[in-house]
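These notes concern the structure reproduced below.
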Amino acid sequence: MSPLLSLILIPLVTAAFCMAGAAPRRISLFGAGANLFLSLYLLTSYNLEIGGFQFVSENILVPAYGISFSLGADGLSLVLLLLATLVTFAAVWVSPQGEKFPGMFYACLLFISTGAIGAFASIDLFFFYAFHELALIPTFLLIGIWGSGDRQRVAWKVTIYLALGSFILLLGLIGLWLAVPEGLRTLDIRLLQQLGTAGILTPGPVVYLLLLFGFGILIALFPFHTWAPEAYASAPAPAAMLHAGVLKKFGLYGLLRLVVPIFPQEIQQFAHLVLVLLAGNILYVGFVTIAQKRLDLMLGYSSVMHMGYAFLGFVALNQLGLGGMSLMLFAHGLTVATLFALCGEISRRTGTLEFSELGGLAGITPRLGLLFGFAAMASVGLPGFATFAGEIMIFFGAFAHGAGGSFNWFQTITALSLWGVVISAVYMLRAYRNIFWGARGSAIKDETADLSSGVRWAVIILIAVLLLTGFRPGLLLDYLNPVFAYLP
Amino acid sequence: MDPLLYPWIILFAPLCAAAFILFVLPRRGVAAGAVGVATAALVCFLSWKVFLIPGLAVTAQISWIEVPGVFSVPIGIILDNLSRVMLVVVTTVATLVFIYSAGYMRGDEGIPRYYASLSLFLFSMLGIVLADNFIMMFMFWELVGVSSYLLIGHYFRKDSAADAAKQAFTVNRVGDFGFMIGILMLWLATGSIMFSGIEENLSVLTLHPGYFTAACLLVFCGTIGKSAQMPLHVWLPNSMEGPTPVSALLHAATMVAAGVYLLARIFPVLLAAPDVVREVIMWIGAITCFAAGLMAIQQDDIKRILAYSTISQLGYMVVGIGVGATGDVAMFHLFTHAFFKCLLFLCAGSIIIALHHEQNIWKMGGLLTRMPVTALCMLAGGLALAGVPFFSGSFSKDNIIEWAWLNNRTGFWIIASAVLLTALYTFRLLLVVLLGKPRGDHAARAKESPLVMTLPLVILAVPAVIAGYPWFIGHFFDIAYAEAPAIAHKIVLGFLAAGAVLAAWLYLRGPARDPVRIPLLANRLYIDNFYNWLVIRVQGGLSVLGSWFDRWIIDGLVVTGSARTVWGAGYLLRLLQLGNLQAYTFFFGAGVLLVLYFLVFR
Amino acid sequence: MLTILFWAFSVLMLAAAIAVVVFRNPVNSAMSLVLSFLALAALFITLDAFFIGIIQVLVYAGAVMVLFLFIIMLLDLKAETRRRLNIAALAGGLAVLGGFAVLITQIIKSLPSSTDHFPTLARTGYSDGYEIGMTLFTDFNLPFQIIGVLLLVSTVGVVTLSRRSLR
Amino acid sequence: MNPLYLEVSVVVLGIILFMVEAFSGAGSKRSIVYIGFIGLLGILAATFFADPALLDSSAAYARFYSADPLAIFLKQFTLLTTAVVLVMALEYAPTVEAGLPAERRGAGLGEFYTLPIFACAGLMWMASAVDFVMIFVSLELVTITLYILVSYLRRNENSLEAGTKYLVLGALSTGFLVYGITWIYGVTGQFHLATIAAKLPALDQATAPALLFGFGLVLVALGFKISAAPFQFWVPDVYQGAPTPVAAFLAVASKAAGFIVLIRVIQTFFVVPALQEKILPLLAVITGATMIFGNLAAIPQGNLKRLLAYSSIGHAGYLLLGIVSISAPFAGTAIVFYLVAYLVMTLLAFLVTTIVAQATGGDDIANFNGLNRRAPHLAFALMLSMLSLAGLPLTAGFLGKLFIFECAIEEQHWILVILGIITVAAGFYYYLKVIRAMYWQQPTDPDAPEIEVGGPAKLTIALLCALIIWIGVYPAPLLSLLP
Amino acid sequence: MPTLGDYLLVSGLLFSIGLAGVLLRRNLLIIFMSLELMLNAANLSLVAFARHSVTAFGLPDYNAQVLVFFIITVAAAEVAVGLAIIVALYRLRQTTHVEDLNGMKF
């Protein structure tokens, strides 16, 4: 059995066991751990010298359409697979014990994971899309059954919104497929990429816009972002970790995988549009983030805001920007996962996430405070964390557009985006100060417990990976750079 | 050991110490202190060795970000005179402060955290000093900001400390915002992020002067933020919420000087840039220098007085960049200032500890007799600060002022008159704190601090006095002395004397409270209030507005609205389903009619 | 002669049909329906469709109408009491109706062959029933079988639907 | 084997069952279902050996009857549906018994089990009908059987009301059908579709209005069968009121046959480009209206059967989208594939609904609250069918929609595609409503016992679930079976 | 001599009258009678068309007449079933009026 197939099947089978009701937490922890090791093994056994897609397996299912269950991974997918398995593992680990219907809870988590892993490992357009959609329903159930706040309304909204986005995306994908000259028709992403870079496949602006907005909705591109903060605020922490940390990356991955190789002209043609929208993500959503009075909402908005940087790398359309974008994908995934995990812990301990009721928590739960501090710093893009490396590459990549000596759109927006760095410091530090520092808040009790060792280690692993890749981005860039080597 | 490794050890040892303390000794105060001090001492020792090995140049680089053929960011080490001197200054002062902290922080529950942050700071500062390219410098620049944030927020339970830390970080980020854009612009223009590469390429490139000016000034924004120049100076006085050794090390001697160091590092670039760049730098420095001096004379908190004096002195240094012939002019003042200002802060810390955390100078007095060592050291530092002849400060400061005479006469008058202000607040401080009768119980019962604290004072007092003499400084810098006419020097002396006399007239009698009341200055020219207004009203207002828009217009009107529209359409459509057979037949008939009309007659 | 017959029966048929729709008492309607069917049978005969005409009389006027009357009697339906007229429904119905009538006349006008007179038949003295029988039992055998199944099903259905419970 | 025997076997099976019903004791009603079920499956197996070459092209029946792959496919489709409907009917038996005034226990059940088999025969003939006479006759066989079945529960007001509505509107549409056939005959002088198609290009231009008039009327009648807007008004009321197995039969088999006939008729007329130009826009409008009405009006529904009725209108819209794009090379397969997917998921939904409604005493969505707790397997099955109906990938429904949309995009029907997307998203809303009820909501009666499911039903549910995923993931075998 | 058009017109009018009955009357029985009128209108057209298109033997097209025969048969069956349903309805509800049938709507 091909290793990538096992990567998909392990969580699926584990989920089935969970549904059957056999010690779900232990089993899913085991499954997620095994998957993590498997993805690490894949990463190490990937041959960097040869590059390209490896571990390829193909099973043709529908010859008429060329639908085939094909798996394969290049550097980019491997990095994302690592992200997916890592966050899944952490999410399962931090899942609170004693949830209602534990079997289904863990099964849903693992289903989301399966969806993400499948999407990242597929080199067939159909399964690439299908796997992602698969994760929609577990999200719906997780928010609806185990969520907090206005969970029902939010679950509806998110699901419908994302479904709409997926369908727009689907239209774009169909358009893409139809644009392939007759006789070359294929759903193989590798071939599509080749056709795209060779200039044979030029689907035109309509398809580009469909894909852009389809993926854009999934990524929460301004102004299609309003589903995200609420969803993450209402979802139980592990679900938010998986969705914000992994599943949302599907959209970005799609942009990198499909749109970049096939639509270089269109990206340039519509660069101004995307630049304006991403400025909306960074500046407008940034300001909105500042106004939030609850940690979960604030984190949700901040995660939306950071997507603006990813889009900046995307429109830059050069090795540097796209490399930065993919690095940021990874880093942002880990960061938000960490933040949401800790956010869940805070809410479970104090029963509230309102800034006005919190304060001085670091004095009582120093470990929580320390780890949250690390995560917050990673989120504001502090050097030493992989987020910083990604952002730097994105900024340089985007700024490199146009001749030196004059300011153009790219450079203006890059400069404005840099202001986002200030904004993120403003809200993140305010949150940290309001929750962990200052006078004791009304919701804080003396007996409020610090992190249990389980959660602590899960979070420490995430932060350690962030630091490791931040100090040594080359670890990932070795995998990522060749993917975009055909670009300037 | 291979001397080529020394710089790497210097750079990374503090980081290792920080990590070690954080993860291994999170509960052991004494051990943490010992590790911290030992590391600092090691680093200091190695720094001196590096300083003393002439011609040691490290060529090895660690590749950090590498996109083959497109972009690469190395972690590399630059070892020129500038960085060697800076290395020595930083590590020496730091070691003394590390030792001093062991005494100052005794009994604090957060000692491991303190030493970890302090070590982290040392790591970051050394990174700035050793950086051979802009991005590496920027990284450590940010890290310095973080460690400063952690240290200011050491007493995090205090709301004021928490707010101050947040403010310091945020304001620094504002500066970094410009800094980064400047880096990007210089990179785009020259194709390099290495200091050496930029300088080389500048000679062959012809840049649009406006672009070049903008780039340099944006880089200077970094200095404005880090070195607390107007208008981003507000964080520095507030940062006094941190422990006093922190103020001494970060907010007087080293970190805030990083901005000046940056300017000195890119001095060749500034020279190549249009003149307006250095003019602007000069003006910012001069205004900061004068305004901070004004604010300092009406402060009551001992550390705040020193903080404003720091801003003022940094202003001198920035002016030095603006008018000096070489970067060393400013670095000279940085060098002397590092010692005397650190000394002053440590003395203040000693007093504060002795007075049980009393910081108001109007609760002090008569400490000369009660804490003689501290007081004498403070006197030495104060005289150096005021620029009294034969003390280190006078040499470096006079040089800057004389360069200003040569290059910009208006600037000269501003910073020369700032000498008056310096003298005034320095002597005010010394007179009120050291002389007269104790104004409070704590002051009356104050005792000298322990050796672990006084020893660094004494050690620092020596360079505070002698660091300015050419026979001393000659070992460090080859300073370009200004060839200004003697009149300039006399004017400065005149201002100094005037300031001293004014201070003596006002404060020698030992008044119980400040005889001068200037609310405008006491309230720091209302700049803080302006920023408060900006943050709360403008930023807060905008963000609330944005949030409202997001919630009700984008989400409410557009998203939910369209969902509601669909729902409503469904609701209305289902109303067609009247349940009445006759209605159905009618609809059926109408449908037939429509279909036929459509088919046949259209 | 044929023309007169045609118009006479046509008018009779249409009048009776209108009566079906207009009468409020179902019995009256049913009787008018019989009349209308008989007139229609006559029209069939004017078209040389003797067999169909006879079937029309036998099946419709005979069997179906008896069924109708039987049911009306069984249910003991009274004349429709004059209910409040639903103006909207009436107007809508009439509008649809008018539209449909106009449509049909337009279509008939547009049909080129509508002005044609019927061609004279080549033979006389042929047997209408024979021809239909042959067609039915040879060419149309399959549909005819299906009709048989249909009748079986409807028989069973009617029995099932109107079976009474024995309590 | 001669395909003609297929229908004959079904009719014979029906008659045998009548005999069994009439001459066996009261307790053996279940055996009718078993015999019927096995018989249908046997005939289903026989369809795979049906050889169209054995048809005598010179025989009289040849002008009515075609056994092309499409016809064979629909026969299989119908047989399968009927078999599942029989299983459903078995589960539904208690409701039927309660709804009938019976002289003894189980009276009337036998007919309830047997009549669908005759409808099945009618549908199979319809599948092969290539002549308007044949279309009319077989369609009427189906319709009349369904009149009886819909109003079968004579003690149930809803059933009778549904029967009456279906009766009147059905008869009305029959009227239009006949009149339409008349006009087509009037212009062409033919009933046979292929002959008409051959004659059409040579016809006088002036006859076009009359021809279109006739076609329009036929279209109306078929639109009624497939529940296309604006002829869909009967659907919600009838589905809701009819016995659930009958509703399923209506939704699946009768609609599919309508589509096949529609395809045949349309293909006949599309021979002439001028006619095609006239007809296509109309079809597009109908398609859009159907998709919108079905999906949007379903949103506020609270009754599951009614919701499924609206959803079936919506699905008719997507099928029509395929018909509008019929010129795309793959459109035929796409439609047929969609029909299969639709069969599987709709039957599953109705089957589970039948069982649960029996146990909870109603088919409102509220009756499904907390089903996950009472019967997790049923809840899962219903969820699966809802997701497939909604069009989630890796289920059969998704591929169906994908193929259809692909054809529509290829034919550049952008407005319809956009409408389709909006309605599919709206569809998510109401399908998820059912899932929410089952998984989020508290059961009304927390102590209610586990729901019991009969053996055949259990087997069928499992089979349908497996089919949904199987078709969704690996459709190649099915696609190779399709015409 | 009456033309084909005359017959068609009469048949069209009959169809319209039938449709009017369906649309306007509330009594199920009369609606049903009107439906029969519509079917008969179709029959009339069909026979007229059949008479118009004589076959090669010079006889009316008996195919169409057979269809008429079928229509009559089907109509009879339909009436039987329909009346059975109406009877059942009347037994349960004591009404044959369509307005009373509104248990299910929206």
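Odds and ends about this structure:
When the chains are written out, they are named A, B, C, D and E in that same order, and each has its own residue count from 1.
Assume contacts are C-beta pairs under 8 Å (C-beta built on N, C-alpha and C of every residue); 3 or more make two chains touch, one makes a residue touch a chain.
Because the structure is a prediction, the values reported are computed rather than measured.
The minimum number of touch steps linking chain B to chain D comes to 1. Listed by label, the chains that touch chain A and also chain E are B, D.
Centrality by Cα centroid goes to chain A. Here the chain pair with the top count of touching C-beta pairs is C-E. Among the other chains, C has the CA centre that is most remote from the centre of chain A. Distances between chain centres, each the mean of the C-alpha atoms, put B farthest from chain E. Between chain C and chain E the centroid-to-centroid distance comes to 5 Å (mean Cα coordinates, whole Å). We define each chain's centre as the mean of its Cα atoms; on that basis chain A and chain C are separated by 71 Å.
The geometric centre of chain A is 35 Å away from that of chain B, both derived from CA atoms.
Centroids of chain B and chain C (each the mean of its C-alpha atoms) stand 101 Å apart. For chain A, the set of residues touching two or more other chains reads 160.
With touch defined as above, residues shared between interfaces to two or more other chains in chain B number as follows: 574, 577, 579, 581-583, 585-586, 589-590, 592, 596, 600-601. Touching two or more other chains at once are residues 133, 137, 140, 144, 147-148, 151, 154, 164-165, 168, 172, 183, 186, 209, 213, 236-237, 422 of chain D.
Chain pairs recorded as touching, per the definition above, are A-B, A-D, B-C, B-D, B-E, C-D, C-E, D-E.
For chain B in complex with chain D, the touching residues are 566-567, 569-571, 573-574, 576-577, 579, 581, 583-585, 587-588, 590-592, 594-596, 598-602. Put simply, chain C touches chain E in their complex at residues 2-3, 6-7, 10, 13-14, 17-18, 20-21, 26, 29-30, 33, 36-37, 40, 43-44, 46-49, 51-52, 55-56, 59-60, 63-64, 67-68, 71-72, 74-75, 77, 80, 83, 89-90, 93-94, 96-97, 100-101, 104-105, 108-109, 111, 113-119, 121-123, 126, 131-132, 135-136, 139-140, 143-144, 147, 150-151, 154-155, 157-158, 161-162.
Chain contact summary for the complex, chain A toward chain B: residues 157, 160-161, 223, 226-227, 284-285, 287-292, 318-320, 323, 360, 362-363, 370, 377, 382-384, 388-389, 392-393, 395-396, 399-400, 404-406, 411, 414-415, 418-419, 421-422, 425-426, 429-430, 433, 436-440, 472-474, 477, 481, 485, 488.
On the side of chain A, the complex with chain D involves touching residues 60-65, 67, 69, 126, 129-131, 133-134, 136-137, 140-141, 144-145, 152, 155-156, 159-160, 163-164, 167-168, 170-171, 174-175, 177-178.
Per the touch definition, chain B reaches chain A in the complex via residues 22, 63-68, 70-71, 73, 135, 138-140, 142-143, 146, 149, 153, 156-159, 161-163, 165-166, 169-170, 173-174, 176-177, 180-181, 184, 187-191, 207-208, 211, 539-540, 542-544, 546-547, 549-550, 554-555, 558-560, 563.
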